[in-house]
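All chains are identified by letter, namely A, B, C and D, in their written order; residue positions are counted from 1 within each chain.
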Amino acid sequence: MSVVKNPGSASKWYLPGITIGLVSTFSTMIKNLFGRNKMITLNYPEEKYEYGPRFKGNHILTVKKDGSLRCTACMLCATNCPAQCIKIHAAEHNDPTVEKYPISYEIDILRCVFCGYCEEACPVDAIRMGPEWQTPALSGSNFTYDIRYLAYRPNLKGGIQSRLDDEERHKVGI
Amino acid sequence: MPKCKINGKEVDVPQGTTIIEAFKASGQEIAHYCWHPGLSVAGVCRLCMVQIEGQPKLQIACNTEVKEGMVINNNSETVKDTVRWGLDFHLINHPLDCPICDQAGECGLQEQYMQFGKYDPEMAEHKVKKCKVVDLGPTVVLDSERCILCSRCVRFTDEVSKTHELGIFERGDRSEIGTFDGKPLNNKYSLNTVDICPVGALTSKDFRFRQRVWYLKEHNTICTGCSTGCNVKVYYNEEGCWRVKPRYNPDINGYWMCDEGRDIYKFINKKNRLQEITMTEKGVSKVFQAEELLPQLGLELKNAVQKNPESVALILTGQYSCEEYQSLLNLMVKSWGLKNVFHWVNHPESMEQFDGLLLRGDKNPNTKGLLNELDLLSLTQTWKDLEEKLHRNLIKHLIVAGPENLATFSDVKEKLKLFSSANKLIWLSAGIFEGVSSVCSQVVQIPTKTFFEKEGSYINHKGMKQRVTPGVEIVKSALSLCEFVEGLHHDNKGAHFQDMDSALVDTKLKEPLKENFFTATRGSL
Amino acid sequence: MAEANIQNKNNLFQLSPEGKEFVQGELSRYENKYSAIIPCLYRCQKENQGWVSPACIRYLSQIMEIPEAHIWEVAKFYTMFNKEPVGRLHIQVCCNISCALNGGRELADHLCQTYSLNAGEVSSDGMLTISRVECLGSCGTAPMMQINESYHENLNPEKAEQIINELRAKYGS
Amino acid sequence: MEVKLLTEHYHRPEYRKLSGYKLYGGYQVLAKALQMEPKTIIEEVKASGLRGRGGAGFPTGMKWGFLPSNHEPRYLLCNADEGEPGTFKDRLMMEKAPHQLIEGMIISAYAIGSQKSYIYVRGEYFDSIRILREALAEAYKAGLLGKKILGSNFSHDMDVYSGAGAYICGEETGMISSLEGLKGQPKLKPPFPALQGYLKKPTIVNNVETLAAVVPIVRDGAKVYRQNGTEKSPGTKLFSVSGNVVRPGNYEVPLGLPLKELIFGICGGLKPGRKLKAVIPGGSSAPVLTAEEALRAHLDYESLAQMGTMLGSGAVIVIDDSHCMVDLLGVIAHFYHHESCGQCTPCREGTGWIDKILHSILSGQGRLQDIHLLERVSEHMMGKTICALSDAAAMPVLSFVNKFREEFEFYVREGRSKVRGVSHAQM
């Protein structure tokens, strides 16, 4: 609890306080004017802060060499998700070596708590937490990310490749 | 009654019991794959090994009968080691595709490995490659790599369905189950092979990839697809029902059920259901709440009956529970004095058919219950009488407790044509049938609850009374016939909901679900 | 020949009248009719250029009234029923232990090389198939090979070649 | 020192025919037997101590005694599905003296009261099958088979059934399955074939040699038969010697003969310049003996069992020092992988696993722990399955690895054979 002392007589006259405040303000302003690289604040949104590589931002669905989704629709991410924000609908793939794939994969990002459990649960490196986090939108429906956004949004440049190779997997019988 | 000791516990079993049955009876755990109580003993998985005092070698529990004074254990180090290795032998060529395997979550291999497994795989060689995603027929898909060759499915087609489509071809670790040269596995019980498959080798086309099993809850009920009344489990979640599996009942269906019965979940689901109470007059439909429409309708009908009993007719199908018939008939026949009650038979020509195993030609779950109720009130009018009365335009008001499962009523269209001579049709049904609203000048459509949403009892062809309990609400405004009657008879709520004679009711249905249904009996072998 | 075999795969198969009689005879010969499967499969193999095709199974199933899956199980289980077309001379070289001690495997490799065939393959003229097989019960006279129904024992590469060439000339004409 | 009790007349070509067989006392024993009480014959066989010659060495008289005493139809099956690598004695017996087998079978059938018998011959033995069929036709014609044999009240039918190439059909229940027109997969025991065998009827399955040996036993009596052999393993036995000896072939010798004498005496020893490395004394499934052990060994059931191996079917495979044991074990393992019927999991998967491990060792890709793994896999296959095939597959692995461990370790370490100098892949 903050304790308010009885103001002394000197401080009843506010000028010293104001002066000290102005000195602080102007000294910072001058420092910022002449040493812009040392400035603490950023000019958001023109400038953006670079987070560490392990930052858990918006999800990315990785793709295989041929550009199709890596995800096998096993739903382990959805099962593990504490916020229950992942919805997957699976279907049978024409290629018998693929078998199962998601026809829809939706993340309700407003419910997401960015815990990263989905990434941990994924057995095939199909979902990763990316670096982005500034994703404003105008309507509520824009916060439900679908496959097109999760895997092929423009800044992913055609998709991030998964570390796991299908052929290798099949060779060892997994 | 030989007595034996299993893991130190005294067990008394009938003569001729095998050790594995004694284990089950005494509630002790034993690993096994190939043994199934409904099939012959194959003894090939070699997992149910037990040590019997006085015998040098381990024996398999499924092929050894209990003898007086046997001392059996399966918790010694030798047995545990054998089972650990036995499981490892099963797994060395089993693909690690649990994430995309439909069986995951109810898989015998997963569960038993967790319980008895070795936990340090030593197989460093390449696994044997076999065919994946083999289309076995209209209902089943095979993945040969996942198959552990327990031969349950082959024994099923040989011993139960007797259709002999499946076989194990080749030998050694090249063995594969399959059908001859692409001949389809196409019998009326084919999906039982999926149920008894302890791994994900056989999967149902209908259920494949639709849901992960751990999202599903199960509800014990009976199948209303025909008059056999097989005991089943319906698996559902918040999105609806997904599949039906048989539940053991030695008196009715044993371990099996037919493929036709597995489709009954479809008519429960919301998209196939009548959603609202509507009244259509001159092509204009209006949605009503039950409270506003039914009392008024009740008054109207009551007056009509009392003015001229011949002008109102009630048509009943064998699809509702005994309690519903009782309450409807109590109101209309006993208190109003209605005489025109008719039984709508959907397949009169095949009513008595039976395929020798489970499937019956009578596609109604409660024909017997209905006939009992009609007999009690000595209502003996036949369908012919109805036809005649309709032709003579005697009937103005028609109340039809129509089909719940429209798939088994191929004659709805033709019957509706017959009904069109009435002035007002009150159509109670769970499903949607196109064109009902324009049959008569005034049509009231009332959605009914399916067997999955209500409490009641059904009497099967043998006269066995079985009780069902409500699973989950699917259509909010649906009514059971009891509730419909309550609505009509607004001043005397619930009076017609008669007590059921609970002595006859199958008590097995009353077992409460275990607390955590994700692990309860899921995938139990 | 090879083409004929491929055609055969799709075509319907029928036994000769004597073959049919044989099948009927075998069906009544044993205590249960399933015992007749193996002899009847041999007969089909003989009349179908040395191999058992699915068409043979379908045919047998029909005349024996036994489910196809069962006959196919039996045919697949036993190695002496060829499930793929073979040459007119089916050369089976034993590579099991006693023969291996005396150069059976080398003999098989040598023959494969000489006739530039892989094991199990049919030569382009449809004459030869060389297979490596397990013990044929002629261990004291190793290495040995079986050509169709007869044994040829105490072989060396030259002798084996000579036998094959002679038979080839005989069967070819 | 050969003792030709069964094979005395095998060198005579006419012995194959009924007329020739009769010249040398053929079917006289049958006539004698038909005068005897069936029980007396069983007692005689029991007293002779005759043990099954097919591999397991189970006392024949005792086996016959397991039959139920009722009058249900029962079957006698002759196991001529000789598949054990290294064995070729049954083929000799069927081709040289088919009537000897038939006579032995009729006597045995009379003893156990069977009306019907089958000779199950492996499919590859086309010649044997042909010869047996001819002999059967002759016997039927001469009234030796069929109704009222030789004027007695005993009737018997016999047939030849051809297998189709499956080692497992040499196992008695596998053979019964095969004869019933199923896959030749062994059946669960109990019930044992003596109670429920072929078509669920009581069935006795005996090896060719066992059934043929009934003839001299009934002819001379158990006492005379016991003059040969040892106390617990009486009589003579045919040994099929193969591998690296000068004179391989079938030799009939009394049981208990030193293995050394068989190899170096009768078979003329090894090829010049070669040294004995190992001997497999009872077909490929028997554990191997090192040279030193082989020189001490005696050919009878007990003493071989004491050395941790077995007499099996009497197939002596002699291995000289030019052969790599890893390579040979690879051959054996491949055989069992190929022949496992696929019914029981430990055998189906274990044989495949062992084959693959050996394959990777032979191609120079082995790991040191693989040797230990081979042993562990084999140990866990032993005694865990319906039939003995998984034991048969495991025993050679255990014995090869145990007795020639340094060769295996060298192969894994260097990626090449200690004997041949190169890896299997390079050969």
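Simple rule for what comes next: a contact is a pair of C-beta atoms (placed from the backbone, for glycine too) under 8 Å apart; a residue touches a chain by one contact, two chains touch by 3 or more.
Remember, it's a predicted structure, so these values are computed and weren't measured experimentally.
Q: Have a look at A-B versus C-D and report the one with more C-beta pairs in contact.
A: Contact tally favours C-D.
Q: Going by C-alpha centres, which chain is most central here?
A: B
Q: Counting only Cα atoms for the centres, state how far chain C is from chain D in Å.
A: Distance between chain centres, rounded to whole Å: 25 Å.
Q: Can you check how far apart chain A and chain B are, centre to centre, with Cα atoms defining each centre and the answer in Å?
A: So the centroids are 46 Å from each other.
Q: Once you find the CA centre of chain B and the CA centre of chain C, what distance in Å lies between them?
A: Inter-chain centre distance comes to 51 Å.
Q: When the centre of a chain is set as the mean of its C-alpha atoms, what distance in Å lies between chain A and chain C?
A: Roughly 66 Å separates the two chain centres.
Q: Considering chain C alone, which of its residues make contact with at least two other chains?
A: Touching at least two other chains: 73, 77.
Q: Taking each residue of chain D in turn, which ones touch at least two of the other chains?
A: In chain D, residues 166, 183, 338-339, 341 touch at least two other chains, as defined above.
Q: What are the residue numbers in chain B that touch two or more other chains?
A: 93, 126, 168, 170-171
Q: For a test of understanding, state which residues of chain D touch chain B in their complex under the given definition.
A: The contact residues of chain D facing chain B are 166, 168, 183, 188, 190, 337-346, 348-353, 356-357, 359-360, 367, 369-370, 373, 376, 380, 383-386.
Q: List the residues on chain C that touch chain B in their complex, please.
A: It comes out as residues 54, 57-58, 67-73, 76-77.
Q: In the complex, go through chain B and note every residue touching chain D.
A: Chain B residues touching chain D: 41-47, 49, 57-58, 63, 81-82, 85-86, 89-90, 92-93, 122-126, 128, 148-149, 168, 170-175.
Q: Using the touch definition up top, name the residues of chain A that touch chain B in the complex.
A: Going by the criterion above, the answer is residues 72-76, 79, 90-92, 96-97, 99-100, 123-124, 171-174.
Q: Which residues of chain B touch chain A in their complex?
A: Interface residues on chain B, with respect to chain A: 93, 95-97, 99-100, 104, 126-127, 129, 132-133, 145, 208-210, 212, 214-215.
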